[in-house]
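Following this line, the structures themselves.
You will see subunit A twice below: alongside subunit B first, and alongside subunit C after that.
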Partner chain A sequence: MPWPTTRRVIGTRVQRLDGNEKATGRAKYSFDINRPRMLHARILRSPHAHATIKTLDTAAAEKVAGFRAFYLIKKAGAEVFFAGDEIIAVAADTEEHADDCLRAIRVEYNVLAHQVKEADSLRSTTNTTGGAGVTNVNAGGDFTTDNFENAFAGTAATVQADYGVGVISHQCLESHGLVAEWDDKQENLTVWASTQAVPNTAEGLRVHFKMKPGEVKCITNYMGGGFGSKFGPDIQGIAAAELARTTRQAVKLMLDRAEEVTVGGIRPSAFGNVKIGGTKEGRIQAFEVDCYGTGGVSRGATVSFAILPYVYGPAVPNIKRLHRVVRTNIQTARAMRAPNHPQNSILTELAIDDLAARLNVNPMTMRLANLPPDDVAEAKTNPRGYIAQRGSIYRAEIAIIRKMCNWDRDWHVPGAQKGTIKSGMGMALHTWGGGGRGPNPTRVTINANGTVLAQSSSQDLGTAQRTLMAIIIADVLGLQPTDITVTLGDSSFGPSTPSGGSTTAPGTSPAILKAAETARDAFLTALAGRLNVQRNQLSIAPGVVVNAANNQRIPFRDACSQLGVPNVQANADWPTTKELQNSAPLREEWTTRLTNQGVGGVQIAEVKVDTETGIVTCSKFWAVQDCGLIINKLACESQVAGGVIMGLNYALYEECIFDRVTGRQVNADMEFYKLAGIADMPPIQVHMHDMPERGVIGIGEPPTIATAAAVGNAIFNAIGVRVPIAPFTPERVLAALANRRAGNP
Partner chain B sequence: MHDHETLESGPSRRDFLQETGAVVAATALAGAATMESPAAELQPGTGGGIGPNAVKITLNVNGRDVQTSIEPRVTLLDALRNYLDVTGCKRVCDRATCGACTVMLDGKVVYACTVLAIEAQGRQIRTAESLYNDGKLDAVPAAFVRADAQQCGFCTPGFVVAMKAVLDANPQAAPAQVEKGLQGNICRCGTYEQMRDAIYALCNTKRGN
Partner chain C sequence: MKNFTYFRPTTPEQAVTLLEARWGNTEMLAGGTDLLSLQKQYVAQPGRVVSLNGIAGLQTVVVGERSATLGAGVTLARIADHADLRRLFPALTAAAGDIGGPQIRNMGTLGGNLCQRNRCWYFRDEHSPCLLRGGQRCSAIEGENKYHAIFTANHRCVLASPSTLATGLIALGASAEILGPQNRRRTVELAKFFFAPTGPTEREHTLAANELMTSVTIPVRGLTNAAYEVRQRQSSDWPIVQVAVAFSGGRNGEKATGVKIVLSHVAPTPVIAEAAARAVDNRIITDATATAAGRAAVEGAKPLTQNGYKVRLVEVAVKRALMIAAGLPRYWEA
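Let's look at the complex of A and B:
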């Protein structure tokens, strides 16, 4: 079952099917669900970054007008580890009354020492974050290539400097939360949740309530952003469902903005001292890094520096990594769009440009000299994978972007411009795995009335997943995407894989293709019987069924009406893990032809830096990206531009700022937590480097990775001074300029 | 900061929310409005004032009079979403920063999270839902769809209403003027590039580089 070689709809620019509903506010997100007699719930949270709960008194709150029920999350005596940690949830008849109830609850705390700054916590002599360990620092894994002692011997130049980036928040516009409702007998639970994992969310609740399979249903028709932070019911989902059970009424619990920022997820910080040395031609000879970062109170599974030096690792002969995970009294990190990669990109790419400048080598030349080579061994098993052809992919992409941005004309030596407002260009590369897996059962139904229905339990986070399903099916059935009715986001349909790591398009596409082709075959077989012709006399052409027996072209709808049965239906899914393990041909088909893993991308930023105010404006941006076989070019380009914009926010504006004394985040909002508006953003030119022979790979994560590093390098190119820590705020730009004026290196 | 009209009704919600920490912000939201009770003072001829208990109000939403009962502290946004099931306006920051709650009040855009519902009585409230009528889609949301200027779409109705208001006020607006009208709105998915395509299409202007 290969992808069709001539693709009529696949790969074209298709508007999203639900665009009208969303743009006119008629699409109902979980936050928008209002059920009959619905109550509203809120959560009381610790104001202290580290404390034990001494006493908890709810007597007054129970007398507040509209009060209905409590759900206790932490009992007296329990320890809280960050400001925002959940204590107790309350349900009331209105949101206003729920707020009144929260204010009436009295909690006494025994306040304990906390650490919210990585650098402080790095020097901690006590453990303020719980679990084992004498301090807040955990070893994060070291790595050294053989004979590293002489790694820097004979290099033409070596630079050593600190680089880094702070903690940021997902800031999903639709906050975390759900609406929970039990049936009359309290045997079945339905939730409308804002989630990237519809079946997982139902399953999380089912396990919590010890219910039987199928008794919890999760519905997510529309979803207002997740970026890696929404994979289960979370504590607020459990609280809402508990309160709904206690009160026998539907309960809505959506986090407010301060809560969303405080507990809805963070991307870990990363700081490192990097030493990098190279030959005069610009080949990196050695890369040494001592780095740390915080993933909040967690042990930091999501802070990983094992991919340093990022992208170029396979081309660098000598590598040494020292890595520590620093725990702090802030919320637990959650996966955020391309976990680890943006941080590692910053620690690598900034150092490379500093070395390039020292060596007097053009940064593009430098990168071309250090591309990871195509892997010959991998080419034998997965010739269409990233690893087998990564060097070639980057070379091709660099050639494209070089022309797009006119690098040869417009790039100049760092700091070469006079004047107070200086412009510069910088580049960076990235990679991401992507790739799909099952189970993602998909059903296609062709009805006698001519309608076509597609079903799966997967979710559309704004990726145009609905539209993707319709495109593939339309291509197979000779129809238009608008001819296909898609339902998704309902766990009762069956399993599906969570939407994380750019895996949804590759995870669902082959199952959709198979379901569509199976439905088509069943349809033509049934029709052949009715028309008294051989099955192979019938074929699909755009809008029609062609009967080769009499050269008749039957409009699709007419053909459906001749089916003689209400519908034909096909279900399809991935082979099971075991089937894939046991069959090389199946593995090849599903994981190296229909889908694959790994993409490369190149990005270039042009910035203008005002050396008097320190303000950086990104004035132009170029992105070249591959993602294998493109299903919807329009949505793909949206993903890339959106990823770039998220990266530009990371580069220039956003950062969670914690107060050392109170241990609270001072900008848990959207006012002092800066995000770009339209006027702050440059025109972004996206070029999709189409490689359809590679199969479907996934596009969500990669385009946000290299952006911040590209901007950082563009700033360096403009002013000839390194601003080492992102976001590259005016304050940091001015500090770097002042530092240079003071004669420091 | 932005071009939205804000209705000043006593202490702004922004002021009291600037205290630190999730708990303060989470619990103070409704509280300050009650304590300050600016709305009650603004109502002439009601003797003892109104509130804190719920009062009956009539709002004109998308051309229809609708009635509900709300406490005076309830914002227009919450009245629409929680009491009238008009959910096209979204609650995101709830403090006049993001524009997700943008609606038109007598043709001018406001942040519905920063207007009290009782203040919106007697005025024409228009939400994004009004831009789809009898199967007919208004040119503004249609341009968003064509340009794919939305991903998750949670910010989109706010942007659409803001853009519609600019073009209603000045059908000849140039792209830069339309863009200026969107500066009070934030999109997290990053749809600005496509939004510019939508703006240029609506202004019948070709987009250069």
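Let's look at the complex of A and C:
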């Protein structure tokens, strides 16, 4: 394999190189950047969910103390489609002055009809969200396998029920925004942005200002969460840069918490009526779903339509699915950690457990009976990919988690426990792509003073990308990760791929490896010349260069000092798309050995439900996750735990709540937009299922997908009654229990 | 936040002279855990802020044989940790220890907790209609009301009274000492302190705008007492409902007498649940009598469109508070 077969640092648990900076507050996030003479900008937003701007009068605002400049985003006559839609930005001496200016702007609106509840909007007879279409409802997909009419005939049991989950927000801890500063001649722009795509953000601004390549620089040294919502400058970034140009001063524009919640991005909702039937052994014979959801004003799908039922689809012979996209007057959906997969998971996994209960089949047995089979055809082209071995991967992972959580001992029949507090266990599976691509040019420099510098323009979202670079290079050069100086997050270095879709580790790792190996070879070649030995007599061992000619072990730093040149440097990158297309060996090496795509993953939750109050506590959690070759085991475990934490919030707490009449979100905060604190977190036990032969695969999204469904199934197992809609809040749990007492199914 | 003039008096009398006869233009600042967020949301827009943090006398705690007196400026953290208060008034100290998170408890004060504004999300959104901000309607009645009042009869505004110290203090028979203009001092039972506001000139209590709460006095009568709150998150969250109970006896097979049961987060003011108290008064507290008290506590409840579940939670919280006070097994902590 093209990865080192003996891995000294790769695959071990390495602490983040910037952990101390972050823990002590020395790390400067974009929000922390303050430039000389910097101004502060704020944005006036529509308070209405749907309106046209009749008049816009800024005269009074221009007289407010501290006022510097406006940047008009929407003119009089323009239509706004959600509460929070941007109208005009203002720069002032301080944030408070900027607020005063905003409040002095007079806007008259012609308020129009709106829809903020998807169930209402589904029945809407008019279009309140703009663009083509008579109503707010758009077709999202319609698919039926052949001969579906008799699909449910002969099933041992059939369940039909509603399931779903509401809209949630990304709630990035560091809000969206940037600091913009032009040079004296107004020819070059530098921004310090909170972004998952450093070069993309620079490019977005370059295109907006019609500048030449290289004239916009984006810097992101530290980043406080994006989850799919931060891929470009956004309107607030453009506004800040425009205001900086007008005022010839640096401008900071970061969203406040209410703005972060109302315009920073949402995960769409999904509600579906599911009918599922199976054999007495637990094999799913037919799956039918009629679902809808809203991604706000977006027309995008709210489920991953083609893979519904989720995970098990390839094993289900009869499938019928219908999806409708219901537009509403709320912000546009943005990609959010495994877009649409958690919704698929809820619509699929909850129904499977309800069928399992009806069939009297253990949910784990049920899942084993419906695993997607290893794909024989795929095995010919990519034998190490997920599709070629998905059934085997899940089977192995289920065997591991089964022991970890003691399923055979602790799982019980749904509702079997006595007492007020009932505990239960539930499981769910997931999958994600996570393949990498270029360009991700990487440079490794070995200096005569013994230091090693690694450079790329990629970004570290808090996922330990810096540390990943250092690990790979340290492994190749016989060093420790702390010996490597990493600089990233600066677009002037060159291109890099955005950190979305779990692509950063697979996208960057092979280029880092190649750059490190090339630098090592150049280093040993140069050294051989200086030592008057053959190149092949020199090799790297931990901390030293070994000279086979005289059995000398030269400490790395000493060897560097004998280079005779200031440094040796190597650059490496992915082959181009065309090169990959034209060369089967290159394709095989880069996309099936150095990296690959597709992962499985199994999660199990244990919950305790207070059946008098409806309060659910997640008491234990287990996760088994594969991601091919593990670079940093600690960071992988941390990613999985983080994904689980996010999923637990999705399961129990998070929900954007909109008022039907005002069209406004009532919980645009962190008070009633609930997120778990440490006291609400269970012990999370993570097992990384290492498959090094597969190459590097991303791990960002998968571990958050199955969590909410696993919790939902654990609640069902605890109380023996289905709570169909997430988040599984006390009122919903109590309603489900009351419904059962009333004798309803 | 609107600019304001900041005052920092050093005596209660000085503070009172800085106040105005009407609410709105002058606000008192103690821990700031409520006022500052109201100002940032432009719900409060005072031109003058009077800090109470320079007044030394407001931070004292004196526990005597017949009563305990707590300065209005005593922090929630100090109440929660105070050994004598914990021994005498667990209904108060447990509630204090449950409020928010450590940051809130280290800043928030007793007086601030009793006088805080309500948490209605329409009240706190300047763009939503709200009677208390001069609007023509209450948005919560037909809107999003899962956290609002369930005792709504005769209430045009359905806010849920947020103070969780009020319940214990009322149950224990506490009073507040209040200083007004011209050095006028008055004492008001906390049972009569709270008020259901319906307009912008009113607050959730009967303190006049030019009055300062200086301390709270709790009689020491050896009452058995406890509090229980139903909260969704263990970390920093508001209770959905909260209950405090106090009575004489009531432990080790002895009957409970003089029972007081007080509810919060269920009505625009704390609710003294008299029917619930009668249901258990002069009886031995058992699972059954506590359950009966819980049922009686929700008599007259008229929940809104989305908060019927709170009726059930009140029943449960009353039962559990009584059982905690009586020293019965906490069956829900399995």
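Basically, the second predicted complex is superposed on the first by the 740 of 745 C-alpha atoms of A that agree within 3 Å, B and C clash if a C-alpha of one lies under 4 Å from a C-alpha of the other, contacts with A are read in each partner's own complex, and residues count from 1 in each chain.
Rule of thumb we're sticking to: contacts are C-beta pairs under 8 Å (C-beta built on N, C-alpha and C of every residue); 3 or more make two chains touch, one makes a residue touch a chain.
Given the structure is predicted, the values throughout are model-derived calculations rather than measurements.
> By residue count, which of the two partners contacts subunit A more extensively, subunit B or subunit C?
B
> Touch test for A:99: subunit B only (first), subunit C only (second), both, or neither?
both
> So in the superposed three-chain picture, is A:176 touching just subunit B, just subunit C, both, or none of them (first/second/both/neither)?
neither
> State whether A:420 touches subunit B only (first), subunit C only (second), both chains, or neither.
The second partner, subunit C, only.
> So, A:402: does it touch subunit B (first), subunit C (second), both, or neither?
Neither partner.
> For A:661, is the partner it touches subunit B (first), subunit C (second), both, or none of the two (neither)?
second
> Name the contact category of A:29: first (subunit B only), second (subunit C only), both, or neither.
So A:29 only meets subunit B here.
> Classify the contacts of A:677 with the two partner chains as first (subunit B alone), second (subunit C alone), both, or neither.
A:677: touches subunit B and subunit C.
> Touching A:16 in the superposition: subunit B (first), subunit C (second), both, neither?
first
> Scan A:729 for contacts with subunit B and subunit C and give back first, second, both or neither.
second
> Which positions of subunit A sit in both the subunit B and the subunit C interface?
Shared contact residues on subunit A (touching subunit B in one complex, subunit C in the other): 47, 83, 96, 99-100, 103, 659, 662, 664, 666, 671, 676-679.
> Which of the residues in subunit B come into contact with subunit A in the complex?
Residues in contact with subunit A: 14, 17, 20-27, 29-31, 71, 73-74, 78, 81-82, 85, 87-95, 97-98, 100, 127-129, 131-132, 137-138, 141-142, 144-146, 148, 150-157, 160, 179-180, 182-196, 209.
> With touch defined as at the start, can you tell me which subunit A residues reach subunit C in the complex?
47, 83, 96, 99-100, 103, 419-421, 610, 612-615, 617, 652-653, 657-662, 664, 666-667, 671-672, 674, 676-680, 729-731, 734-735
> Write out the stretch or stretches of subunit C touching subunit A in their complex.
On the subunit C side, the touching residues are 1-3, 42, 101, 119, 121-122, 125, 127-129, 139, 142-144, 146-147, 230-238, 240, 306-307, 309, 312-313, 316, 331-334.
> Tell me, which parts of subunit A touch subunit B in their complex?
Going through subunit A, the ones touching subunit B are 15-16, 18-20, 22-29, 31-32, 34, 40, 42-47, 83-84, 94-96, 99-100, 102-103, 171-175, 222-225, 227, 256-259, 261-263, 461-464, 620, 634-635, 637-639, 641-646, 659, 662, 664-666, 668-671, 675-679, 681, 683-686.
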